[in-house]
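The two complexes that follow have subunit A in common; it is paired with subunit B in the first and with subunit C in the second.
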Partner chain A sequence: MSRGASNGASAVRALLGALGLGMAGWISILVLVAAWEGVARSGLVTPFMLPAPSVVLDRVWTDAASGDLLNNLGLTLYRALTGFAIAAAGGIALGVLIARNRAVRWFFDPLISIGFPMPKIAFLPIVVLWFGFHDVSKITMVVFDAIFPVVTATIAGTQAIERELLWSARNLGANERQLLREIVLPAALPQILTGLQVALPIALIVCIVAEMTMGGVGLGGAMITAARFADSPGVFAGITEIAVAGYCIVKGMERLRRRLLVWHQEALAPPTV
Partner chain B sequence: MRTLNFLLSALTAVGLTLGAGAARSAEPVKIRVAWVVPVANWPSIMFEKPGLAKHLGKSYVFEGVRFQGTPPMITALANGELEIADLAFASFALAVENAGMKDLRVIADEFQDGVDGYYTDEFFVPKDSPVKSVKDLKGKVLATNAVGSGVDIVMRAALRKNGLDDKKDVNIVEAAFPNMKAMLMSKKVELIPGVIPFSLDPQLRSEGRVLFTQKEVVGRTQMILWAAREGFLKKHRAVMVDFMEDAIRAAHWWLDPKNHKEAVEIAARVSKRPPEAFDKWLFIKAGQAGDYYRDANMLPDLKALQENIKLQHDLGFLKANIDVKKHADLSIAQEAAKRLK
Partner chain C sequence: MKAAFIRYLPLVLLGLLWEIAPRVGLVSTLALPPLSDVLKAWLRLLEGGDLWSNAAASLYRAGAGLLLSIVIGGALGIVMAWWRPVHVVMSPLVELLYPMPKSALIPVTALWLGFGDGSKILLIFLGCMLPVTLGAYNGARGSDQALVWSARSMGASRLRTLWDVVVPSALPELLNGARTALALSFVLLVSSELIVSRKGFGYLIGFLGEGGVYDAMFAVVLTVAFLGFVADRIYQRLMKRVLQWQE
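Moving on, here comes the complex of A and B:
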């Protein structure tokens, strides 16, 4: 075999191997779906209790064709990502301040300690009372829930910066703004991004729960409407749509992390998420 | 000797098992009955007057189960957590058509809306609201007790009859009936359904304005009915006749004007509200100042129910129409009523 043919064969083997490895990760999902279809069609349960995945996928398709899916998904993502963006910006700023300023730390430390473990969804009735039933209350709930992991991760990342880095920068004449931009944020970035990766699915979950409670348009509202109309395929279709949307944005966040940390030693290691 | 001991032990075990089985079959049957609104729904008060339920504790035990609205009762029926659901006409149709409960049967009347001389549900906006017609509700937030409930379907019917898309043109939020007045007064929502007793609140009547009534939108309604699954009815028919006999005896007592004062006192005790809150309307025929129509023998209006479900289908809320007669079993209520003659 010539060298070219040999290289081509190796490339094909490598590609098949990569595809095989990629497919292997989906085998468990396929097995679950196949089992679901089997149980649903076996007659052990009624279609009301467990509609078949083929029926559910058909509903997803119907929702997509009618424009309902795009409308609901768009609204949910708008609310979740807007709240996440506010939580990210506010959380990073607050976290850096808490880590670097004793007075700010003294003030906020008890609030973070009490607020973090609290089930903040319990505040939903109050948020609705103050902000009404439209987007503002849903986005407020998202910010309220998502900001805590960002703040704590930013604090941890900022406090873990080697002092020698900071001293060296100061010795070279860096002012506070330069210190923050050139040293603190880049050094703390891996942990900040970890905090953001934790906050992002929280933002989506809280948004959907708020929609389910308040009703109206959005994936959560559509699901609860389906439930009330005894429309099981609609409920399961909503779950499927939420699962796919969640998977896509988590994977998107993972790629963003790899791009932002291309300079970091973790970029050399294989992804774990 | 050893063999004899073994035989004696085996016989004792068999005897105990058979005895336990016999004891179990003699135990009263548990009948869980759903309700939503205290006092306005029979299961919340009907046996509060001692002596009315002659078979209670003997052939059946009764448990009233509260729900926020009628649609969640469908799930409870499907899970076997409820024997009799207090369904709205809309939820009954959803249970049969969407949830596939082809064995669900209408067995009794709870109350009817829009009967001449009796109360019909009202839908309120704030008195100073710029909303003057249903069309003006576009872009507003509306309250419902539960999506898919009777008043919810009526509200959506009103929207659709006026050219509005109930999914896109308005935002419908769920709230418990007792909280709706506060939400309306604080302008959190623009429209609330008014059901007895909440619609008779003096503050709501002075600071709210009726935009439309249920009768104007859908006519006479078999608003709430009792429904049970055929399997349970067949297995426990005799017990169900006992239960319905007690329920109808209770309905006769509560509806008798001679008992009005005592009825009001019991209603006040059960709901923890003052008697004045019930005195002028409870079980009284007085138009919009009185109560819903309740059949004394708890027999539903199947003709009205059929028309209500047909409207539900025509407006697109139901995939297919339902022949109500095929899903009704009034023989139990009729047999029970005969016992009281």
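Moving on, here comes the complex of A and C:
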């Protein structure tokens, strides 16, 4: 009996650990949610300012049951992740080119060093002007914003490769393509992944802003509609859904990094994002 | 001089392309007003005073929010590293909320504080705090235990040690976190002003865009982008100055 209980407890602990937080972490979050519920019910604040978590969860449940949640979540993820994938592929390619080709470096270096610290979100109305209100403009905006960290990380990673490594590969008869696939990309991978880990939250932030400005279907659009109608449970349900989605995606990326870098000593280093 | 010219030549070429492409009809002047028109619109905006008043509103919001986030976020990070109970309570929350796309806070702060300055300041404070907190926490946690012990053994009080040993050693990473926060503050500022506001850069951009005054809209967009760039450069200078004592 007691053995079964302890088995059960350890299973629960393992499950919670798999979710990325320790036992103490979950207790602290549960206490916070309980406090939120208590404050919301005590009448200290109006339900409009702070709906109780039970009300918010009920709303999330209704959204999920009606299929709205799946629709909105699917579209938001589609836009953010498509943009992210394009930014990743384009950014890595451009970064390698910049690091290995002088002419390309000459052209792009000033653009990157000026473009990186710029708040690119300000270009949103221009992108809308060019591409309209549909998915294309949202995805373009995500790419435009997320590509910079990928490019700079790829450049840094590629330039840091030891020359001896490249020279010996050449000596052994590797051609340019083999050199890229066998040496450059694997050696630069840790830095590239760091760049991707910076770019991923940016992609989500930008996608949600774009949805909020343009309205329509998507988590950001649903949230801004709720805010316009002063539907505060809707707003808080939206932020809960977005927070959970963001958490899962960012944690998934950390997992992916650890899996891709098992061969690398840095696999043990904590991710910086 | 010549090296700088060659280095920035690509920008000049792009500027020329921007001027020529709409003039010869490669792209519509509606989609891309020629650069010279944009500059003229910029001067008009400066003379009319629209740019100044909206810039003042935006900079006030970003500055106040950022200052709050650096002071409170930095203090929280250092206390988390210094005092275990705070760490136990706060770190799961930080862990959970850090990956949240911060733009999701825009409707919430608008719900709480309306469309004015307060909601923007709160948004920037909440959105920019966690990078600073995490930086301060990592920096303070990494402070040399031997230094802490020797300070304590030489009779420094706990508070004195915190201020003289832990805070300086947390500073480099804290300031790095603050740089992320600076970039984030521009993003949150402009997007919240685009979505819900009656003044500020974002509002002006949206207003001009809806009115079809595209040359002026491009001028404001470029102003914001340029300010973001300049702010980052100035911040890097300052950071170097503050951290001069480091090897």
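Here is the rule we go by: the second predicted complex is superposed on the first by the 244 of 273 C-alpha atoms of A that agree within 3 Å, B and C clash if a C-alpha of one lies under 4 Å from a C-alpha of the other, contacts with A are read in each partner's own complex, and residues count from 1 in each chain.
One rule holds in what follows: a contact is a pair of C-beta atoms (placed from the backbone, for glycine too) under 8 Å apart; a residue touches a chain by one contact, two chains touch by 3 or more.
In this text, all values refer to a predicted model and were calculated from it rather than measured experimentally.
Participant: Which chain, subunit B or subunit C, ends up touching more residues of subunit A in the combined arrangement?
Facilitator: Partner with more touched residues of subunit A: C.
Participant: After the superposition on A, what does A:V217 contact: first (subunit B), second (subunit C), both or neither?
Facilitator: First partner only, subunit B.
Participant: Does the superposition put A:M49 against subunit B (first), subunit C (second), both, or neither?
Facilitator: Both partners, subunit B and subunit C.
Participant: Looking at A:F229 after the superposition, I want to know if it touches subunit B, subunit C, both of them or none. Which is it: first, second, both, neither?
Facilitator: The answer is first: A:F229 touches subunit B but not subunit C.
Participant: Between subunit B (first) and subunit C (second), which does A:G173 come into contact with in this model arrangement: first, second, both, or neither?
Facilitator: In the superposition, A:G173 contacts neither subunit B nor subunit C.
Participant: Name the residues of subunit A shared by its contacts with subunit B and its contacts with subunit C.
Facilitator: Dual-contact residues (subunit A): 48-49, 128-129, 213, 224, 227, 230, 232.
Participant: Show which residues of subunit C lie in contact with subunit A when the two form their complex.
Facilitator: 6-11, 14, 31, 88-93, 95-97, 99-108, 110-112, 183, 186-187, 189-191, 194-196, 201-202, 205-206, 209, 214, 217-218, 220-221, 224-226, 228-229, 231-233
Participant: Quick check on the complex: what are the subunit A residues that touch subunit B?
Facilitator: Touch residues, subunit A against subunit B: 46-49, 68, 71, 128-129, 132-134, 213-217, 224-225, 227-232.
Participant: Using the touch definition up top, name the residues of subunit A that touch subunit C in the complex.
Facilitator: 20-22, 24-26, 28-29, 32, 48-49, 106-111, 114, 117-126, 128-130, 201, 204-209, 212-213, 219-220, 223-224, 226-227, 230, 232, 235-236, 238-239, 242-243, 246-247, 249-251
Participant: Name, in rising order, each residue of subunit B that touches subunit A in their complex.
Facilitator: Contact set of subunit B toward subunit A: 69, 71-72, 74-75, 78, 94-95, 98-101, 141, 144, 146-149, 152, 167-168, 171-174, 186, 188-189, 317.
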